[in-house]
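Paired with chain B in one complex and with chain C in the other, chain A is shared by the two complexes that follow.
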Partner chain A sequence: MELSRYPLIKGVLKSRWPQWAFFAVLLAMFLFAIFAGIGGTPVGNHNFGIVFVWIAWWAILILVAVPLFGRGWCAVCPIPVPGEWLQRGAVLDPPPINKQGSKGRWLNLRWPNKLRNIWLQNTSFLLVALFSSVILTTPLVTAIVLAAMLFLAVGMSLVFERRSFCRYLCPVGGFIGLYAQAAPLELRTKDKSVCVRCEGKPCYNGSQAGYGCPWQVFPGGLTKNTYCGLCMECLRTCPHDNIAINIRPFSADLSKPSARLDEAYKAFIMLGSAIIYAAVLLGPWGSLKSAAYQVGSAAWLIYTTVFLAVILLALPGAFWLMVRSSSYLSHLRQKSQSIVRRNTSPRSDFSRLATALIPLGLAFWTAFSLSFVLTNGSYILMTLSDPLGWGWNIFGTAQTAWQPVLTFILAPLQSLVLVGGFAWSARTAQKNAAEIALSPAPVIGFCLGVTLLMLWLLL
Partner chain B sequence: MGKHWLFLISLAVVGAGIALLPLPFSSPRPAEKTIRVEASQYAFTPGEIRVNPGDRVTLELVSTDVVHGLYIDAYDLSVQADPGEKASLNFTADRRGAFRIRCNVTCGAMHPFMIGRLYVGPNTMLYRTAGLTVLAAFALLVVSRNSHLQRESGR
Partner chain C sequence: MRKAEVFAEILVIAISLGVIAIPLVLRFGAGNAIEIHARVAEAGGWMPDGIKAKAGETLHLRLISDDVLHGFAIGQMPETEVDVEPGKVTDISLEFSQPGNYTFYCTRWCGLNHWRMRGTIEVSGDAPASTQPVSEPLYVTLGIDLDAPHPAVEIPSQTPSASRSAQVASDLPDAYLSTDYYRANSPAEAFSQLRAEPSTATLEDAQVWDLVAYIWRSNISGDGILDGQSLYQANCAACHGEDGSGNGIFADDLEAAGEASMQSMQGADEMMMQRPKDFTNPRQMLGASPALLHGKITRGGMGTGMPMWGAIFSEAQIWGIIAYLYDFQFEGFSP
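Here is the complex of A and B:
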């Protein structure tokens, strides 16, 4: 169903003001979170920086924004905004075209070809994940991380073209892009042949009506949500009214599996991190928590080694074995039935079938997040009134006692999410394996194994 | 079509059985239980407490470093202990299942993640959910095999 055919919705999406208003409010909150981290109380659960970033924002992101709107958060994220304003030399509409044309200001270099993948995003996420116990609980460290992201985004906007930070480096953008494939919202062209004939391609190159795609994507070639930031620039620039925002079935993109290893590894990184976080942060093992928190200690080095080994070697290794088993089983079947299988490489099979881990990963993160959001949500009221822990009581809620909510439905809810995620993943594996004439059984077995592990950790 | 419906109905019956039928666990007679729980940054020792349904439980919370608390999810009960002192929490374990116990006094950076577990009887939610997951896997494999056979017969 095309949402943008409704004039009201289309008007709101095309206008720069609503998006700008989001930017302004969220940028102010972002800067305040940095300030709170530096100048506020060092007690994490009484500090705006920790509570609003890691409880409120995270809950909205993982429980609502990503599953329903895909990259909807990227459309209003404040981090790249100051850099983008500087790069464009404008805050709203494009400035009149001068000798520079619609190209960006400053150095405007092209992002290196060798780095045109998400390996850097995988690395930046792993870096944040390794220090997550400290980042999630220490306001000053959260402030440093947020400020570093802001400076990196600004710096990259001044050196590289468009939103290179969002596209190639942001640790959050990588996993949002991965899970956006499962979302029921998409931006697509209405008729690809119109794009083929279109002169000047203003959606990519920009025009007086708007900027060229900041995400470096040509909308005419869009088949998946992964790299479309839903910024709506193409909706503004398309002279043929050929851009549509559609509601679609969940996981529509998952039937077009990627053969890219960087994207496959992103699925393993997210799946493995959710499992390890569930064990470390929600488990009853104090020594694990200490190891994760005491950065630089021998215990932390062991934790780091195990963390990386599980995520980068054990999980992909086990999955590789499953994919090879799929291939072997199919080979046996084809021999007995004289069928010729489509010729695909083991690496391509591995990456394509890893797409099945996307719904499972999303379910793992949802179940994990439910646990600490329902438990710690009451800190939001407290921090709203006293964001810096300075004894203020702005809205009269500063004395709100810590009170977990709905904990009696937590386990049933998590069970439902995990079983649903497993069924969704298994079905995806089944469809994608059939496309390349492989047996889905070993991959479904892998999904079953990790789901049972997550159930044991959470229930 | 007939086989298809038979399969779906069988699946629903087995699923309902896994979700609802009583599990074959013995139910010991309720007893008085006193358990000493040591709290230190950021763990409870023991981290996992097991009691039987109906037990009259006394948790003796002893803090070994800073002030700690103990809150039991779903039971909505709590107690707090100063360093070196003992505080008791009495309750009847009348809710079955697995529950998280949490520190409810800000005790340091990792305080929100100072978590333990209380098991009242067997963790039936885990067993039932695991059973349903295995059933879902089985169903999908059968569906997958059937659709494969259909594709082959169509060639």
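Here is the complex of A and C:
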């Protein structure tokens, strides 16, 4: 269903004011979070920087924004905005009338070809993940991380063209792109042949109506949500009204599996991180928590080694064996039934079948997040009234007692989410394996194994 | 540049600066309260730990814990006790009628070095610092060496009972029942002296120990021992244990910290942070006089990890705690 055919929705999306209003408010909140981390109470659960970033924002992001709107958060994220405004020389205005195209100010260099993948995003996420126990609980460290992201984003906007930070470095953007493939919202062209014939490609190069795609994507070639930031510039610049915002089935992009190893590894990184976070942050093992928290200690180095080994070697290794098993089983079946298999490489099979881990990873993160959001959500009310721990009581809720909510539905809900995620993954594996004439059973077995592990950790 | 662009730019800058500037203005433009941050001793303790005030004027304090639950109280002013919860601000107002140095301290077992969380309020004023004459501590008057070992030469074969001794208490010379006698002698000394008394010559050793318990019991009030029990559980049990056996929650860590640091000092004995004393050990407790215990509590253990409580507890409170400590040795002691 095309949402943008409704004039009201289209008008809101095309206008720069609503997006600007989001940017202005969220940028102020972002700066305030940094300020709170530096000047507010060092007690994490009473500090705006911790509570609103790691509980409120995270809950909205992983439980609502990503599953329903895909890269919807990227459309209003304040981190790249100051850099983008400096790049454009404007916070609201489209490019000047006498200037065609969207060539940015400053150095405006092309992002290096060798880095045109998400390996850097994988690395930046792993870096944040390794220090997460400290980042998530220490306001000052959260402030440093947020400020570093802001400065990096601004710096990259001044050196490289468009939103290179979002596209190639942002640790959050990487996984949002991965899971945006499962979202029921997409931006696509209505008719690709119109794009082919279109002169000047203003959606990519910009025009007086708007800027060329900040995400360095040509909308005419869009087949997946992964790299579309939903910034709506193409909706503004398209001279043929050929851009549509559509509601679609949840799994639409998952039937178009990627053969890229960097994207496949993103799925493993996210899946493995969710499992390890569940063990460290929600599990009963005090020594594990201490090891994760004592950055730089021998215990932390062991934790780091295990963390990286599980995510980068053990999980992909086990999956690789499953994929090879699929291939072997298929080979046996093909011999007996004279089926001709499509000629794909083992590496390509690995990456394509890793798509099945996307819904599972999203389910893992949803189940994990439900646990701490329902447990710690009451801190939001407390911090709303006294965001810096300075003794304020702005809305009269500063004395709200910590109170976990809806705990009675937590376990059933988590079970439902995990089982649902497994079923969704199994179905995805079945479809994608069929495409390349492989047996889905080993991959489904892998998904079942990690789902049982996650159920054990959470319940 | 369009007006809208200028408006949007100004508004963005104003909002971005406002969210930082407004809190700062509100904070630094507010009141004259002194902000005191509490952190576990290893992270700094009270900050600041020295405050100046004037007698007769109200002192506003804003207490903020930056880590765990702490408590705030001023020594010998139990009505000032408040909890200081992490991340919250606790406002209190104090007024000192007399100039002098007041000690404030943490009342919650916040960590291994909880007892190091002390600070002072220096109250100035026209009135003399104290109208009470300074008296010499009893252990000084009696010439007791607080740091010398004081084991009981003899200990009872069964727990002495104050109530069991009622039948033979009539044989007890009056001199033994005076407060001065009770404070100056250890139970073991009292036993030796009673054993030498002709009036108790026919008694069994156990009966004489019961008489000792009777002497100790007759020198304390029911309220005093209850106050002592309450103070002990709030302030001493973290190290010495709720049952007095020296097995409080910090005991193992204190011992390990002492062994690790080997903090020593010159003196009669080399001392270091050590395992808290076991009040259930009759050899130690029955060899200690109330005056010795009073000195230890008032002065502290001087390097052993035992804090100095003289600035915190009143005389009556210290005697109450001492009375309760003997409860670990005598039956029928608590009311």
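Just so it is clear, the second predicted complex is superposed on the first by the 453 of 459 C-alpha atoms of A that agree within 3 Å, B and C clash if a C-alpha of one lies under 4 Å from a C-alpha of the other, contacts with A are read in each partner's own complex, and residues count from 1 in each chain.
Methods note: contacts are C-beta pairs under 8 Å (C-beta built on N, C-alpha and C of every residue); 3 or more make two chains touch, one makes a residue touch a chain.
Note that the coordinates shown come from a computational prediction; the quantities given were computed from them, not determined experimentally.
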{"item": "Partner contacting more residues of chain A (chain B vs chain C)", "value": "B"}
{"item": "Touching partner for A:D93 - first (chain B), second (chain C), both, neither", "value": "second"}
{"item": "First (chain B), second (chain C), both or neither touched by A:H46", "value": "both"}
{"item": "Chain B versus chain C as contact partner of A:P404, first or second or both or neither", "value": "first"}
{"item": "A:F422 touches, of chain B and chain C: first, second, both or neither?", "value": "first"}
{"item": "First (chain B), second (chain C), both or neither touched by A:Y328", "value": "neither"}
{"item": "Touched partner set for A:L452, first chain B, second chain C, both or neither", "value": "first"}
{"item": "Partner chain(s) touched by A:A434 [first = chain B, second = chain C, both, neither]", "value": "first"}
{"item": "On chain A, the residue positions that both chain B and chain C contact, one per complex", "value": "43, 45-46"}
{"item": "Parts of chain A lying in touch with chain B, wherever the complex brings them together", "value": "43-46, 133-134, 137-138, 280-287, 289-290, 293, 337, 339, 371-372, 375-376, 402, 404, 407-408, 410-412, 415, 418-419, 422-423, 426-427, 430, 433-434, 440-441, 444-445, 447-448, 451-452, 455-456, 459"}
{"item": "Chain B residues touching chain A - in the complex, by the definition given at the top", "value": "40, 42-45, 47-48, 71, 73-74, 76, 97-100, 102, 104, 106, 109-117, 123, 125-126, 129-130, 132-134, 136-137, 140-141, 143-144, 147-148, 151-152"}
{"item": "Contacting residues of chain C [partner chain A, same complex]", "value": "1-2, 4-5, 8-9, 11-12, 15-16, 18-20, 23-24, 26-27, 62, 64-67, 86-89, 91"}
{"item": "Residue numbers on chain A that touch chain C, as the complex places them", "value": "20, 23-25, 27-29, 31-32, 35, 39, 41-43, 45-47, 90-93, 386, 388-392, 398"}
